[in-house]
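Naming follows writing order (A, B, C and D), and every chain is counted from residue 1.
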Amino acid sequence: MNYAQFAAFILLLPLLSFVVLGIWGRRYLSKLAPWFGTASMAAVCALSLYAAFRYFFVDGSVGGVFQPIIAMQVPWLEFGYKNLSIDLGLLLDPISVMMLVVISVVSLMVHLFSMGYMKGEDRVPTYYAFLSLFSFSMLGLVLSVNLFQIYIFWELVGASSFLLIGFFFTKPSAVAASKKAFIVTRFADLFFLIGILIMGIQAGSFDFGVLLQQLTNPASEASVAMASAGFLGLSALTWALVLIFIGGAGKSAMLPLHIWLPDAMEGPTPVSALIHAATMVVAGVYLVARLFPVFQLDALAMQVVTWVGASSALFAAVIACTQTDIKRVLAYSTMSQIGYMMFSLGVGGQGETAALGYTASMFHLFTHAFFKSLLFLGAGAVIHFVHSNDMRDMGGLRRLMPLTHISFLIGCLAIAGVPPFAGFFSKEEILLAAWQSNKLVYYLALFTAALTAFYMFRLYFMIFWQADKQYHHHSEGTLSMKLPLLLLALLSISAGFVPFSQFVSADGRATATHMHWQFSIAPVVLVILGIGLAAWLYRQQNDKPAKLAASLGSFYKGAYRKFYFDELYLFVTHRILFKMIGKPAAWADKQLVDGAVNASGDATLAAAQAIKGWQSGKVQQYLLVFLLAVLLLAAVLLFFWLV
Amino acid sequence: MWTDILLLMRTEMMLILIIFLLLFWKLGGGGRVQIVQAVVNGGLVLALLLGFVLSDSGELFGHMFRTNDLLRLEKNMLVLAALLVSLLASQWVAAHRHAMEFYLLMISTLLGMCFMLSSANLLMFYLGLELASIPLAAMVNFDLQRKQSAEAAFKMIVSSAFASGILLFGISWLYGTTGTVDFDSLATALTGSPLQVLGVVAVLAGFGFKMSAVPFHLWTADVYEGAPVPVTAYLSVLSKSAILFVFVSVLYTVFGSMQQVWYIVICVLAIGSMLVGNLFAMRQQNMKRFLAFSSIAQVGFILVGVCGVNATSSAAVVFFLLVYLFSNLGAFAIVQHISQSTGKETIDDYRGLARANPALAWLLAIALFSLAGIPPTAGFFGKFFLLLAGAGKGTWFLIIVAALNMIVSLYYYLRVVKAMFMETQASRTGGLCGRYFHHGFVWRCLRVYFQPHASVEALLLILLFHAVWLSIKIILLKN
Amino acid sequence: MVPVSHMLFFSTALFFIGVYGLLTRRNMIALLMSIELMLNSVNINFVVFNKYLWPGQLDGVFFSIFIIAIAAAEAAVAIAIVINLYRSHLSVDVDDAAELKY
Amino acid sequence: MNLNLFLLIPGLTAVAVLLLRQQSQVRMLALAGSVVQLVLAIWVTAQFLALPQATTPGAMAFVSEYSWYPSLGIVHTTGVDGVSLSMILLTAVVVLAGVLVSWKVTDRFQSFFFLLMLLSMGAYGFFIAQNLFVMFFFLELAVIPKFLLIGLWGSGKREYSATKLVLMLMGASALVFVGLAGLYYGQSDASAGFNMQALAASPLPLASQLFFFPFAFIGFGVFTALFPFHTWVPDGHSSAPTAASMFLAGISMKLGGYGALRVATFLMPEAAAYYSPWIVLLAAIAILYGSFATMMQTDLKYINAYSSVSHTGFVLFGIGMLTKTSLQGAVLQMVSHGLMTALFFAVIGMLYERTHTRQVEKMGGLLKAVPFISTVFVIAGLTSLGLPGFSGFVSEMMVFVGSWERSGIFYRVATVAAAASIVVTAVYILRAVGSVIMGPVQHEAYLQFEDATWTEKLAAVVLIAAILFIGLAPFVMNGWIEPGVQSVFQQVSAAGGR
């Protein structure tokens, strides 16, 4: 058994933890559950790091090219058509190993943080069970060898996300948010599923290896089938990729399927850090990256990826500038950053910069995971302290929560892209990739970067500066809450120095790190301007923001109301789905279909009632009927039938 | 010759023996009713046993009377049914002033049916038919005090006489065109001329009257309702079965060459009987009237089987009637039991029976399920074979109509079941036969089997047996 | 000799006269009489057919003799029933005996 | 190995139940009987897997023949392949769970368990039958017990529901009868009688097939809630007592699907191909329309009943698509839906017993009060919406993949439409979950409820175990089903060649 097969334990441990905590946790492990969950996650983390070490430094690369290693692959369900089957397996390649590290590290941090954060809550064992389930699903997702396997874990992360968002199940808003998250992503998954079907049936396999190999070879049977079939003027390949991308966009909260993400903040904050910042939401990016060679074949699909990503980045950043709920701001910033990753993949489609966009995207994914979870955990600590999510209830916390303050600041600097924090490096690469292939996207991204700096520091100043408020709490939190903040802060500082392009690239070859200092001037200046503006507006409590908002008028209002997407969705679901389809369907079933059944019964009874006069009780009438029947029969037979 | 008569006519001889015994006894002043019942039942049992002992076939009286295995079986069924009717009537008869006459009349009609079955000649057939009908009218009138009984009897005798008139009219035309009343000669002599068509239609109408097929059924419900329950049972099972047995053989053999004439007639009668019978049965409140209309619908189903015109058809009809005999008598037994002990006869009165007396309710339910043709009761097999036989001719319209009518009929059988099981009585009629069945049901059934006054349980036992369909393989007989 | 068609016309007419009476008279006894007419017309049929068409055998004649006998029995039972009915209904009007219906 | 044990055991249990007096004895006996059934089913499956028939398409194992009415071609022929075995296992599991959740039936408990056993006997008989008559017999055998169960122990407008159910189902079997008679008389091989294998070997001429197929298919379809003949489902299911609902949705509806596959499609393949678009159309309507109608329901049982319409739509959808994968998917969906819906009804019953309401809006926050039951509820819900790891996912994916294999715009659009139901399903399931077990606790009294009893727990565990077995290791059951479906598929493709 080599280390790759040990990777199976990366999946099995959280699963085991889920089963044990889920079944026996409440009764026998109510005290031990956090330790149990954290310990198993620590083991997973160690295994992941070991696997990463082995893969990247020992045997992943063959002749300078990182080869995918299939540690395990077993057919799980065979469809009996072409080679279609759902296989379960473990695929180790640069991005999956990178994701393993990200997920397990962040998850471990969240486990640790939760020990303090969830103290005293009900159902802590269940909480840890769900966390384990999520970790299992997410790890399984990245290790998938098969398009369908990814779909399976895709759904599982959705479900565990549902369970975790709705963890405070007595809160109606949490229930609503959990439903919304599941249903919206499920809606996107529908497209994903159809995309999988198209891809699988046309290409004849669900296996990533086979798919990539077949489709990148234009002469192969699968490629021909993909190109020849089509619908509405687009080839099957385009359809499949676009549909699969929609699935990814749903999970990654891309425009216009993003509406669930801000609401999902109803979940416990550590959960948001894990799921809605670092891991699950980047699944869409991961999916596109996983199929990157195939996406590259289709310019249209790449355009879609690019523009959805770019517009989401900008859109979310604009909204984030107006929100006052600390977690919602972070949620929109997450959406914005994922937009970056997405369009980075999209612009990686053409020309020699292909590798750059891909690497940049993954790099940003990597760094973003750390600083965003840091921000979320920091926000969690703040919320834990303040007992409110609203920034307007906060202020002056820098003295009360010094460690949180510092780590939060590091996170903000990282996400804003201030050198030398992690976000700077990855964002620079993304901007570079955009610059090289699509100028318009580049300018959008640049503007967004400035906005990012602005709203992040707006958040920062509103929480930690401004005037003091009265708080009941006077402890910053337990060690278990502080430790993750510290560790993540360190990672947020250091992650940018990882020579990422040495390890992850579109073709598996190590490439040199692109660093153009002169190119970085524009973004950095803009970022500093953004920070400056935020400081000017929000460092002290004043009426400048209100004035500014008033001067922006309806645009501000629109952004504040999230550009009315929620209203639009409400309209679609309530007015159209419920009122226009559901209600008529239920009505038709009761009145028409069931009505027809009842009517046939009633008609029979009515007929029975109508003919009761035939049995008049008068014997002479009986005899008359008798006689007439005989005569009629005879007449019919004699004159019509026989003649 | 005499040995032949004794052998071939042994069922009839036995019946005649009972009749004479009763007659002389009556002349001698009569005896205790329990003894009379014992004698009659014993005689019927003996007749039944005699009927089973030997298998033989032959003819008597210059080809007027014939017998074979099938006929013997059919007669045995009739005798058995008569025995069961006698058992279920015993409590009622015992309270009646003219107990002896009831048995006299009943055995006479039974004798008439046996002759009718064995007839190989229209004259013989006619004699048997009348012997089987006229005393029945008297039996219908047996509740001398009840107005309805008299009305029913009057309706019956008038209708029956009219039907005989039509039948005879038809027979006269057949005789006129062929010069024979012998079945075998008729079969070869019939050519399908218009006069013969007229005659055949009239004869079919006569049959239709006796089996109460729509539109010749109008007397049925009134008579069934007016008559005492045991007589209704007798009418609905024995007269109907007997005439149907004859009908099938006459139709297939004597009128075989005129199939194109009667086929359409039978189809019309079948569809009419099913539809009208069902539609009327849906509405009924009185159990007897309800069963009357249900029996009309059953005739419709039987006629569907008859329409198949093949070996399976006649076998299916016989099989179905065997099943019908048990099911219908079972239902009547319970109706009689309840009517006897409480005087109640409407469906509403049956509400909550399952609570008061679960065993009775279950058994009536089984009987009704059998009538409706629900597995695992034998009724399912009966209906299945009938419809399967009927489909043999490829008249799918008929089969589809029949299949749909099955649903309607199920509806009203379930109405009774619903009343018994699912509805609760507003005011409970205290302890409706509540004493029975509390302890040792099976043992009690066995014990009372030979005690006529508790006939219900005996019948029910048989019903249970018959629900175990495996025991009956009559269908094999013809093949 | 009277042709057979005349005879048949006569018997058929008689039959339908009987039927007419049966369907229209109100008195029960009259109904029974009408039935006798019908049966008699059948008897005529049998006798005529036997005499004119199939003189070799006596099937028809025997048939009619039996019909007569049975008609007598039928009438006896019927009259008994009518008498009994009269006791309870105090009427022999056929429309008064129409309680059982629907 | 004689398959008639599957008739004997429920039969004997049924009779024995009637002889006992004590409720505790009766239910223990029923439990013992159903455990024996399950053990037997598992044992037979194990035996079967060792036989060559387990991998040979079209081969039946454990065939036995008893002459019944031989002159009519009626022979009590029994035999199983993987498809029928799966159904038998399903039946056994649901029966066991049904007995367990009926632990507290006190009213006329003898009759109750008697009828339950009779129902299971009908289902087993249907699934092991290799003779159309025998199949038909057991099909109808399983109808009347439902009527009584609903009418006697049901709730709400039980009489209406029971009557509607029984009339529609018997009407359906009347249609089936016409189909059977058509097969019986139309065959070219006169000696085939009702023997299914012989009938399959000599199919009807095309014209007869086209005439009789709709009868057989619609007849069986009604049992499987074929649109627009599904209206017995919501009323029937919701009025029935818990165990009867489980049986109805879990087993009875499968009789239809199995029959549509085994009788209609297998014996009349050309007609099946001919009518395929219509079947697909109706099934797609049922799937979508059923799920939209579910969305508007507020009674838990109605929710599950309408969702059953939608889910069994997948069965007919898979059959209508006529690819091997889709047929396999249909069979898997039958098993999966059977287990899932039984679980759902069981848990609804448990909730109803405690809250005395089934209205969604009157419950709330039950997770706090009855965590075990609520967890089961969530699991049932997640199975229903096709979450991987549970059986629903496997079967639905099988159907989708199989359906997508069928090329042509119409079929593709229909598949997309059917797939769209997974979103609607999520909507109504989460709505139910959200307002029943989540949300604020509606009444203080709810907090006093006792969580599941041991029988309820056992019932849920048995069903969940079966669901997980299929959901986690679908290859096992798929392996049995494959040869059985292969024979149907061969028949269809051979018909295509003719």
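Here is the rule we use: a residue touches a chain if its C-beta (ideal position, glycine included) is under 8 Å from a C-beta of that chain, and two chains touch if they have at least 3 such contacts.
These numbers were taken from a predicted model, which means no experiment stands behind them.
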{"item": "Chain nearest the global centroid, as defined over all protein CA atoms shown", "value": "D"}
{"item": "More contacts between chains, A-B or B-C", "value": "B-C"}
{"item": "Intercentroid distance (Cα basis), subunit C paired with subunit B, Å", "value": "27"}
{"item": "Subunit A and subunit B, separation of their C-alpha mean positions in angstrom", "value": "76"}
{"item": "Mean-CA-position distance for subunit D and subunit B (Å)", "value": "42"}
{"item": "Centre distance in Å when subunit C and subunit D are each reduced to the mean of their C-alpha atoms", "value": "64"}
{"item": "Junction residues of subunit D - those touching two or more other chains", "value": "167"}
{"item": "Subunit B, residues touching no fewer than two other chains", "value": "154-155, 158, 162, 221-222, 283, 411"}
{"item": "Where subunit C touches two or more other chains at once, by residue number", "value": "19, 22, 97-102"}
{"item": "Interchain contacts, given as pairs of chains that touch", "value": "A-B, A-C, A-D, B-C, B-D"}
{"item": "Sites on subunit C touched by subunit A in the complex", "value": "19, 22-24, 94-95, 97-102"}
{"item": "Residues of subunit A touching subunit D in the complex", "value": "26, 75-81, 84, 86, 148, 151-153, 155-156, 159, 162, 166, 169-170, 172, 174-176, 178-179, 182-183, 186-187, 189-190, 193-194, 197-198, 200-201, 231, 573, 577-578, 581-583, 585-586, 588-589, 593-594, 596-597, 601"}
{"item": "Of subunit B, residues touching subunit C in the complex", "value": "122-123, 126-127, 130, 134-135, 137-138, 141, 144-148, 150-155, 157-158, 161-162, 164-165, 168-169, 171-173, 175-176, 179-181, 221-222, 225-226, 283"}
{"item": "Contact set on subunit B toward subunit A in their complex", "value": "154-155, 158-159, 162-163, 166, 192, 194, 197-198, 201-202, 204-205, 209, 215-216, 218-219, 221-222, 260-261, 264-265, 268, 276, 279-280, 282-283, 408, 411"}
{"item": "Residues of subunit D touching subunit A in the complex", "value": "164, 167-168, 227-228, 230-232, 234-235, 289, 292-293, 295-297, 306, 323-325, 328, 365, 367-368, 371, 382, 385-389, 393-394, 397-398, 400-402, 404-405, 409, 412, 415-416, 419-420, 422-424, 426-427, 430-431, 434-435, 437-441, 474-475, 478, 482"}
